[in-house]
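All chains are identified by letter, namely A, B, C, D, E and F, in their written order; residue positions are counted from 1 within each chain.
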């Protein structure tokens, strides 16, 4: 079973190798003429003011939290979905309850105005 | 419920948008495949400036009156001139048009009374070296060789000028006699080079109207696609 | 003619302070003193009879020995009046109060007048170069007696 | 010893890899050309015509060769390591998904039993690399682009996963081959059985691959070129390539999950790979069509759309599927 | 109105109410948008102070295209100035020619033949359509849809054909001259023009299906960049943008020039004063322009529209501020003549100059994508700003 | 690394190397000439004509030219329109930030030598070649789209004649 993951590994090394080789070939071909201005960051023709690495509000903090919650929940749903056939109505009701809680959480967040990006 | 309605109308409108672009997918492209095909340039088009010469004698029509130089808003025209001691006429010794600062506005052509300078439909003049864009008299004359033009401006003045000097140039037979030329012989300028511009202007107007009328009676020869979609046919014609 | 009525009313109202100049029947102009300019503009903006609330343009003119002039081209959106308010300035030390408080749109126009003509806008908080390069040092280029700088090529007279 | 047992497997995998890589590269070249042609014809023009004799067929080849010769610029202020690895990861992640793409009943690199989970996991890497690119460049535009791509993944991953869940439920398996095999008749295709799921998947997938109307990370009119502002030459080519390959990947997944995969329209298994490619290309075409028709969403609308529309719809779809499945059974 | 009131963006308050924004310690950073940026339409530089995606402050820097046209014009005789007017506002050069000609005519009391006035109206309105087509395309492109841009330019090319046939150039026409126009139209022009207007009306329907109901487009434009009428008037915003702010002001009707009082057309007015209204105002204007053109073509009188200016023409002493309704708003030309061959002072007022000034005010607290939309909706063209 | 610039030196010594070098040269030159991505940058009137050339009627894409907003990814810069003194330094920065090999086309009179603003203007730079090197000059005010295309075709010719040693060397031309 696990041997299939060997293929995955081959693909992984293969692609990374391919990209690195391509980049190396390009390095052989291309010119390199760095200059003071060229190594500056591009900012529409002006010299940039300050670094971009400042602490700023990305404003999807709460979305990220929601994402974590929901993504974990979906992981729970996967096994349920795979064996749904054997679970029958019991599975359906169970999952309805589970999803209802999730949906309630979503609605709660919605009502709280969290889903509004400001 | 409003939300559901919004949802469906939103989807509907998105799909309708797809149809608009999809409709164009089947249409024929309107693109001009440039090096292979070209538009036929309209007669009035204002491309590169050339100097016209008389189709008979091959001499430049320019009489070095400097009007174009004075009319030029950008100072792109520079003329040096000398007087022919025999004919007592000015002729240009240097006629430079600096295409790097020319604005292609057509004022020189309008100011000219002798059909000497014209803006043409030519447009392919890119160069590798900037100095090649400053055209001297030879280049300008060369460019003007194949330019067909209807002498619409001031044949009167020209004729008059020619008749003024009977011994030198008057021998050549004038085939354009049917023009309005000799109608007002009293108005012919005695000294073209120093003539105030206004006088000519008035006359130009008079003769202008005449020639324009003539033009309008002619079958439409400056054929040019009327709308973009129709250019298709033109394109094919010119492609042949 | 609407405009003429307007001007006569204005002159009537402001009396000695405003002087009427007839430029063109369609375009009346008033000369006001720079000391009352702000107050004047404010009043004609707020007054129900005039409502001159729209500033089209400000143009400075350099008359050399006759001093300088600021022209405020105003109009009323509602009543369709058109009015030019002129302010005469001393050429040696041209200064004029800012009218940003009344017409925020005057901001850049005033900066431009300062930059190109050297007219000092009193009370303008942001007098820095607008159109010219940041390192411009060659004086006030739009003045009539501006000599030109290294790069300036005068068109030869033909 | 290790090699003794695994060597055949490795060799086989390597062959699979080489084949896939070749196909993918050709596909990418074709897709770039095709996209230009489609966009051109939508815009009543011709698109590439001069390079190569027939309709500029070699245009993308020339582009690729040219990008090979372009200088590679690493801004001084950049985080060099992150900056370097971002294009490697973006292409790597894209290629990795091809492990479980079922080209035909027999041609699949590895039919993982958790195929779908694998795909969901891997595709996320693409976005992480965009974030890396955005951050590593130390450019404000690219940083904003990177942040937007993160916002996008945060929002669209959930509906995407949930929309797939319905398919999993019907097939009772996570393996790609099983799911495809389940759709053996035309009316069994999941697009018929799961129209809502397909819609949610299509939208979420468009967002995942950053195509208009969801191309916020590289929004040209706002962020110049977004996360890849600073990239030039071959590194940029990697992003460029990955974008198009990714587009094919989501189309291929859509084909496998919803459009009957390698099944022909009459339930025929023959020429499976051809059907598969054709269907995928159809989906790719739709994505292109979207791109050349729609304006771009704004970043907050993007998020709101995901949470307020797609997520509830995905839930609805899942519940409805469960209900109907039980009823029909 | 109090100036302070104008400066408060509504979104700032929202920002303070938001618990997340308040609690997180964030730094603002400066982003240069322009001079080379796909959506600044030329060489405008906006220095943005940003907090994440949200704009805290916008500072426009202009002058990258300041070519000193006013200075040049002081040194040119009257006839030579028209070509520079073409370059002063190249997106609607025909109208720029017109405002200059109008100003000189008003000072010099020059009569214009009726045919010339009609031709001016026709070409002016064609130019307005051409300009709005660029607007339409660019606006859509700035919102991310590229295809409308090409559709818009496709239709514009047809107008270019009409122009080129009449005056020989595609962009810098030098057509409307003092006292008339440079050349009469070619025979057959009327038919072509009519064909175009009817085609244009059809195409506009396509345009509307493509964008007007599109939910993405609506969400990007509705309630974005609201400019209330008082604010717009205070900043001197003009043209369709002012009308979108709910102010009934069109110089074609309210300070008539040309023969505009003879034509019937409607002036669209906005209700929400937002980006959508500004967009819609232009789309409606295209329709109205088609109407005007058709009326003008029907009533086109006979006669000679040309007027030959003498090189030694001297404008009598006087001064005048002429203004016309260009495609972007009030375009003004102020000439001081001292009775010489050359103007003593020539001042140009571009509508974008004022329109640009309001953008910082209304884009505070919005996202960078909204700024792009607002900037595009005001149809800012840099040569007009910088001159 | 720019090894490519040295390849011809070594290869040409080998038998048949000359032919190989020319054919490699040919392919690489072809690729660069056929895929000129231009920077989306225009200042004045010429920019409108540039847009028109990119649009349906004339279609740059036909020549394989697409626009890129970032200079890092573009090969070609059209200096389309008037460059003022204020703008000149920015153009320089933009040019410098383009990745090599890069090309410049000066479009229209203003970019070539100040154009109509040559005289009497205190603000206009008299020719962009005072700031950055220019490959092709196109006269016109503004040039027609066809002229622009012709300029591009000229540039393609020029690129086709380039030598590997020149464009790929690590030092500037």
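Following the convention adopted for this analysis, a residue touches a chain if its C-beta (ideal position, glycine included) is under 8 Å from a C-beta of that chain, and two chains touch if they have at least 3 such contacts.
Only a predicted model underlies this, so the values are computations on that prediction, with no experimental measurement involved.
Of all chains, A has its CA centroid at the greatest distance from the CA centroid of chain B. Core chain by CA centroid proximity to the global CA centroid: E. Centroids of chain B and chain F (each the mean of its C-alpha atoms) stand 31 Å apart. Between the CA-based centres of chain D and chain F the separation comes to 34 Å, rounded to the whole angstrom.
Computed from the mean C-alpha positions, the centre of chain C lies at a distance of 24 Å from the centre of chain E. For chain B, the set of residues touching two or more other chains reads 14, 17, 20-21, 24, 29-31, 33, 70, 72-75, 103-104, 228. Among the residues of chain A, those touching two or more other chains are numbered 27, 29-33, 38, 40, 42-46, 48, 52, 58. Counting only residues that touch two or more partner chains, chain C has 131-133, 141, 154-156.
By the touch criterion given at the top, residues 27-33, 35, 37-38, 40, 42, 45-47 of chain A touch chain F in their complex. Residues 131-134, 138, 141, 146, 148-149, 151-156 of chain C are the ones touching chain F in the complex.
Note for the complex: chain D touches chain F at residues 36, 40, 43-51, 56, 58-59, 61-66, 68-73, 220, 224-225, 228-233, 236. Of all residues in chain D, those touching chain B in their complex are 38, 40-46, 49, 289-290, 292-294, 309.
Residues of chain A that touch chain E in their complex: 43-46, 48-50, 52, 54-59, 61-62, 118.
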